[in-house]
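As written, the chains take the letters A, B, C and D, and residue 1 is the first residue of each chain.
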């Protein structure tokens, strides 16, 4: 899969009294990193919502393992890629590296969701457009794993 | 004016590596405290939006002075009241007390805002309903100061 | 196990443009809920750190599944309990209920950690004190599952 | 004064159900922007703390005026400069621009603070080192305003 890389500096307000990143902050980083990955399709988040009529890509499951703490002012690299494509869901895998070593990794399982045709305010999963999944796969044509 | 009091405990994730509350967290507390104050009108935030057709009470100005730091696990009292009523705006004053001493105080100037009648997505200030300002004034009938 | 219950109201600042809770906010709720659960030992978070000489209970793994979204002003109940006790680690299970239905559940695997005896700034897992695990088990004496 | 410019994209998690940036998020941006400005001295935040023996630059006063809302995915420019230097305090002024128009401006009054020589855990204001204030002044040698 296509891997998106971001370089970030850990901010003061992301850290707790133990001097390390307060762990929910990493999930905020995951969320934004997924947005950055999906821009590699050529569409901004808002353009994608508009073009495909989706309300977003809500998270249905999340997980993370913390290996080494990061601290204020640390430079980290966030690597994000789609790990698996389902019909209407997909899993984004994130790795945060500090000095080339894994600090944490995690995943977000998300759903490609449009407005529900009958129930106002509710959402309904839709099939991920083929060009979206294709554009986030790498040039080698490695087969993508189908989830559901 | 009617003063709303909340008792809070400072949370781990609100504190920074210096062991004290990361100051933007106080503004989050202000925002929620204003919501609690306005519930004293008898309407929940969403009920108030619905009844009066407003989109909310956006903040146009904010300020705070920090006197003493608060730390993880500190019990604090947040006192909130409307300081001044304007025609379509008002100022909420907040004080955060720790062990009966002032830790910080601040204000939010907010606008009573409905959807703009002509420009989609924009908002327009509206007159604050008299029953709203009356219900947040105290029983002594102290005259409210008019701002604009 | 002893279950700690908290009642919360979803705050404006916890919600995103889709009108639902921004999911990392739930992890902040998990973190604070674990703190509340551990106060049921009779010790405040800071008193526990002092008494046992620990630096905290850092999270080594986290996971959550989101079933129903919560919105601004929703009243939710957070139920937290230790799911499994290991020698130096434990898993806290959290459930968030809205109108008596499950909105999400998740877990935090945490380590009982003191300062590392040799490497400054580093931490070292320690055995969870027996009275801590006992005080968070229920009155029926249900056997606790040992993890590692 | 030397002006530091950062370009940011508004993140999903920074926005509220009204679709605009939740205002305390701007204060988080202010805090980080001050850190970026002070790196123009040639020292990282942690290096500065170490070299001068300070515990940080705690905020004693903050204020902001919100002119136009920013939304998810908006590109904004944050301009930060020291507005006034005092003996041991200084004011950082921030402007956030969107499409070359002012979205908000604000300030943080901060103190150059070291550990208190007598009271453990407390801090004490110290004189801002001359080379720090000099390095954040512009090349034209414009006189800096003294505050206190």
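The rule is simple: a contact is a pair of C-beta atoms (placed from the backbone, for glycine too) under 8 Å apart; a residue touches a chain by one contact, two chains touch by 3 or more.
Remember, it's a predicted structure, so these values are computed and weren't measured experimentally.
With respect to subunit C, maximal separation of chain centres occurs for D (centres as means of Cα atoms). Between the two copies, subunit A and subunit C, the Cα superposition rotates by 180°, quoted to the nearest 5.
Our note on geometry: subunit A versus subunit C, Cα centroid distance of 25 Å, whole angstroms.
For this pair, subunit A with subunit B, the centres built from the Cα atoms lie 35 Å apart. Between subunit A and subunit D, the centres computed from C-alpha atoms are 30 Å apart.
Residue positions of subunit A touching 2 or more other chains: 12-13, 18, 22, 24, 28, 31, 72. Residues 11-13, 28, 31-32, 35, 44-46, 72-73 of subunit D are the ones touching subunit A in the complex. Residues 12-13, 15-19, 22, 24, 71-72 of subunit B are the ones touching subunit A in the complex. Residues 18, 20, 22-25, 27-28, 30-31, 55-56, 58-66, 69 of subunit B are the ones that touch subunit D when the two sit in their complex.
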